[in-house]
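Both of the next two complexes hold chain A, though its partner changes from chain B to chain C.
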Partner chain A sequence: MTQTLARYERYLSDLRGLPPAGPSWLQQTRSGAVERFSELGFPTARRGNEKWKYTNVGPIANTPFVYPFEASANGLAPADIQRVVPWDDAWTNLVFLDGRYSELLSSPRSADGIAVMSLGEAIASGDPDVERHLAKYADFDDDGFTALNTAFVADGAFIRVPDGASVDTPIHLVFLSTDRGEPTASHPRVLVVAGAGSKSTIIESYVGLQSNRYFTNAVAETVLLEGSQIDHYRLLLESDDAYHVGTARVRQCADSTFTSRTFEKSVGLGRYDLSVLMDGPNASCNLSGLYMTSGTQHVDNFITVDHAKPYSTSRLLYKGILAGKSRAVFGGTVWVRKGAIKTDSMQSDKNLVLSPDAEVDSKPALFIYADDVKCGHGATAGNIDKNSVFYLLSRGIDLETASRMLIYGFASEIIDLVRVDSLRDQLERLFLESLPSFKFEF
Partner chain B sequence: MATQKVISRQTGVEDTQYKWGFEFDYESDVAPRGLNEDIVRLISSKKGEPEWMLEWRLKAFAHWNKLGNEEPTWANISHPPIDFQDIIYYAAPKSQKDGPKSLDEVDPEMLEAFAKLGIPLEEQKKLSGVAVDAIIDSVSVATTYQEMLLKAGVIFCSMSEAIKNHPDLVRKYLGSVVPYTDNFYATLNSAVFSDGSFCYVPPGVRCPIELMTYFRINELDTGQFERTLIIADEGSYVSYLEGCTAPMRKTHQLHAAVVELVTLDDAEIKYSTLQNWYPGDKEGKGGVYNFVTKRGIARGKNSKISWTQVETGSAITWKYPSVILQGDNSVGEFYSVALVNNYQQADTGTKMIHIGKNTKSTIVAKGISAGHAQNTYRGQVKIMPTADNAQNFTQCDSLLIGDQCGAHTVPYIEVRNSTARMGHEATTSKVNDDQLFYLQQRGISLEEANYMIINGFCRGIFKELPFEFAAEASQLMRVSLEGAVG
Partner chain C sequence: MTQAHERNGTALLEVKGLRVSVGETEILRGIDLTVRKGEVHAIMGPNGSGKSTLTNVLAGRPEYIVTEGQVLFEGKNILGLPPVGMDPETRAREGMFLAFQYPVELAGVRTWQFLKAAVDATREYRGLPQLKIREFDRLLEEKLELVEIAPELIKRSVNEGFSGGEKKRNEILQMLLLDPKLAMLDETDSGLDIDALRIVANGVNQFKGPSKAIVLVTHYQRILNYITPDFVHVLVDGRIVRSGGKELAEQLEEKGYDWVRESSDSPAAPPAAKVGA
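What follows is the complex of A and B.
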């Protein structure tokens, strides 16, 4: 036990170094989180721990990460950022360097009740929505990572779309990690409040600028009030040596629609824990993701959909392309609570395993406590279909192009779902550039 | 032949009682309550076991103690903690003490009891064509058709006899598939197992008749811990059936069995189970805790192991008949119907571990939940790096009857070979309203319509069962679902 504590002493001493800023309710939440984290630590014991069955966070626990108290001083220009992340000047962009809001690189927006701003500023201004929603959905009672993030809550992004408003320009949050010469940790926090009947598009990008080692521990909370709509995109473009643990908690009220597209292209060890609670009748969510892994990467998607109220619909489609010695984990869980009748749910996970050394672990689970439902799931794993390759070869296409066409065809099912044109084009390029090569032996 | 019933269940549909709830009234020889090293020694000495067997039991018991009396909690089931010191670990019908040499010496009351159950113990019933090993509480009471089997070279006897008469075979294979360290209940079983069936089919022999073991718990507060071991040597084939019942008791009874199957090159074992332990009453009182470890290893190339199970009984079922596909081109199959009603709970499924090249596995699991019951399919398909061109197909369907029950599907898919092809699909729904409507407007009652649809839902599994069992299974479903539909 003392050894466990020593391992996390660094985080605790960093926390003591933080100024006791913020209103009293936040200080209370934070000190509760500090306490919980010091009890929980990270889930390194995997025996009997279903949530972390296939992912070992030992390396994160064992690396002494430095918490950067000062904002990064290197003079980054917008051009440096655009080199590494999809970007459009027309979007509302907020940029965070090592977890801290960068005024210089951001174009915040606050007019007509719309807020796209630094969470730190929103807390300071005493915005009632922040107190009402912050730390209300991301429960840290049995989650060390969320507890740690909550303990560090100081900055991040705050987005509010007022009732009935429709925000046409995508809101882009860029969380950039820089190289500070030693492994650093950042704990970005995002809070999104979508007013009744509102519509918005949000892109969250987690990006590594260099190829150094760092740890991003992100938590995002989203609440969709009655009849609201969010198109959400999440890009993982971290450095190949980075650790990333992302936790997203979404609460959907009646008649709301949540669409989530996740693109995981690079990270050393990555985990995305997305949990959607359908807390009102007639809600619907459509979650999909594309993960492409190579080298020794490890990507874990842990998706939960909880149908707590009747007449809700959920769709999950995750696809993976695995090369090298990489490993992909998919854990999809659908809950249908007692009384949540007419639930319509389908989830599937499809994997293209291109290398003999790659591994995929898929666990699509269903827990159903109501009878009048339609639920299903599927999972597949396999290589490219030889007949398809042969067909293309017989049409005069060379082997390499044929393989690339088929791999890209597999991926494009998800990329084509992107409804922001400029984002789709840039993603397409990003993925095409790094498609793993594959040689078939006939 | 056509009129023969393996386990006769002359049950009218109007009757909702568990038909096998009667107790046999004969004296039995019972060990004191509780578990300690002396009990393990007592069981071993009661059975007149050699030293090596006792040692193995003691090793298992020591390991079990190390596990700290903590039963596993990962399954999707709930029950009050089991007091392992409040169980009787050995009970045998007293007349068995001196061992009946033939059926004539068997307690006539017991013969009658088996007649009541419809188990053809009497060898004159040649027509039945099934060799039966009957096990009451902890002891094998009779094995039929010995002569015919012996002629074919097939060894089919109780585990106790096998330990005495075929120690080499037992020593070689016992614990080779399920080691005594495997899991909590398997460890417990290794320490205290009392009897079970043993079968060895020599090379090239196709077992001339179906083999069957019939299990029954009779004594109050006893646990049944049987251990079955079946070995199919090169090029052989055997089909094995298993049936179970228990009397109605207000308290829970523990049944923790271990079954090990081994197939060598080109051999095949077909293992069918009709599990009908007492499920408890309508309020969930009483019933058997059925915590069973079943595993087969397809060790030889081109060998095959096929599990078929119809699980309708037990208060709680916790059972994962698995296949380790070690030999190249070996095949593993798992066909299952798990039906739960009232307050029954089932967490059952399979594991298919692909190690050899070109190995193939098929999983078809059908779950039916009614009343307040919870039904979970939990399965694992693991494709190891060596398993080139491995193939798996999995299908799990669940049917819900009533809005108080639950159906859950938890598959684990682990693929570590890029040439593998695997697919998993699962669906959950209630009985289709349109189908019910269609049948009703053809003049079929709602209840009958439900049975027809449920029967159709399970048909694919029933057809895997041996002929007599299939009719039984369908009847059993009807009895188990009594009152839940229509």
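What follows is the complex of A and C.
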């Protein structure tokens, strides 16, 4: 424990430096999280730890990150941000600098009773939904990263969609790591409460503006009340040297639909731990992701779906494109609890491995404790198909273009799922521009 | 050889003593074939005789190993890698086209983009100006009508969710768009119902002309009722065992391949194999 303490002393001293802001319930939650983090630290010991078997967070634990106590726009203009992240002025855009809300760069809306605001503001105003839901789904008892994020909770994003509201304008949360000239850590926090029968679209973007090593430790909690629908997109556009650990906890009530698409384009070491609890009958979730890695990048998707109640449906479709010496990890676990009859679940993870030095570890798993269910899973890894390449060549298309067309074709299955037109167009461009240079060899 | 006197066109394709293996197995065991401009050649033969191997090796499929022989397209050697020979894309741009027996489904590659990329690459090589999107769309519309493909289909991924007949018609569409000199149709008729066969044949007949040549690979005589061949060659066990005019196809239909197999054992057979050359 002494060693752990020494390693994490920096975080603990930063935490002591934070003002004891917020109501007493929050102070209690935070101090509990501080205590738990000081016991847990980060999961650097991987032996026997299935959750972290293929991902080494040692480099995160060993880097002394500085906590930026104040947000600083530092002369940032909206144009600087729009250059690095998909953007549409028609969306509701909220920008966070190193985890803190930037009023200057944001365009919040509160039309139709929908609340889209800084979490700090929502806490300060004593919003009962914050107390009711914050830190109730992202359990930190067994998770050092979540404990650390919770310990730092002061600001972030709060979205509440009123019962029955149908929000057409996408809500875009941009978490930006600014250039501070030294390695920094930020702990973005998101809380979403979707009212009964409501519909909304939420885009979460994580972006780096600096070339330095930095660490983003994000936690998002989402609760979907009866019959609500959320279309969720998560974009990972961090710097190539960045560390990113994202934790998302979703609780679905009866008849709700959670659709989530993840696009992981750049990061040094990235982990996304998404867990969906289907806590009411007839809920459905549709999760998919596209990860593209090159160089020495490492991306780990750790997805859990828990069918706790009957008549629920889940779909998981993840695709990876790996080049260079990069590594991808996919862990998909679907639980079907006792009594969750008529569960319908399908998961698959497909990978294009374009380099002999790249590696993917794909582990889809199913645990079924109910009868009368329909479940399936599968994983593939391989190169582009030689018959497809030859077909394109035989039409006069050169080898490099043919390879690109097929790689992009592989990715487009996920990109085409994006229902926000301007987001889809921008993602298409982003991924097309950064496809690995690759020539198929027969 | 009733058509002998008509053979005054320029030689487009010259295959000389071609031997081809896949792995350890020799598939083609000495093929001689000359195709001149304006001619339609039908290559018939039983399953496994090497018909598809011949068209695929001509198109440049990398799995096939040429062990002997020469292939000239417009007098230029195509076998082997550049600068000695031509890679598959160069053969295509030079004007060789293969309609696949099994057209490949390209997940996520939209048909429109695919067709445009192919036309762009080919035109650029031939020194033709790039078509503007509007010009291309007009050309495409015209050809789509010819092969009776619904315009909605080109918004889909290439051949994905296409019926068997639509896939084959899509091959003919590509042939018409790329406007090659030599079209090799690898069992384009197999699996087609009578309407689709008529559409495919109509497309091929539109393409036909004094500067074009067609090599039709088929099992059955049926398509030859729509596309009249000038020459029919019978391929058995990797050799052309008999060549003749269109009446040969009718004889085959009547007597079956055993008839040529038997007669090819006779001493008269080897010279017959050279008739087309």
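FYI, the second predicted complex is superposed on the first by the 439 of 442 C-alpha atoms of A that agree within 3 Å, B and C clash if a C-alpha of one lies under 4 Å from a C-alpha of the other, contacts with A are read in each partner's own complex, and residues count from 1 in each chain.
The working rule: a residue touches a chain if its C-beta (ideal position, glycine included) is under 8 Å from a C-beta of that chain, and two chains touch if they have at least 3 such contacts.
It should be emphasised that the depicted structure is a prediction, and the values quoted were computed from it without experimental measurement.
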Which superposed partner A:71 touches (first chain B, second chain C, both, neither): neither
Touched partner set for A:388, first chain B, second chain C, both or neither: second
First (chain B), second (chain C), both or neither touched by A:12: neither
Chain C versus chain B, contacts on chain A by residue: B
Partner chain in contact with A:408 - chain B first, chain C second, else both or neither: second
Touching both chain C and chain B, counted on chain A across the two superposed complexes: none
Residues of chain A touching chain B in the complex: 48, 50, 338-339, 341, 351, 353-383
Complex contacts: residues of chain C adjacent to chain A: 59-63, 87-89, 92-93, 97-98, 100, 103-104, 106-109, 113-114, 117-118, 121-122, 125, 157, 174, 178
Touching residues (chain side chain B, partner chain A) in the complex: 74, 76, 383, 385, 398, 400-430
Residue numbers on chain A that touch chain C, as the complex places them: 385-388, 390-399, 401, 405-406, 408-413, 416, 442
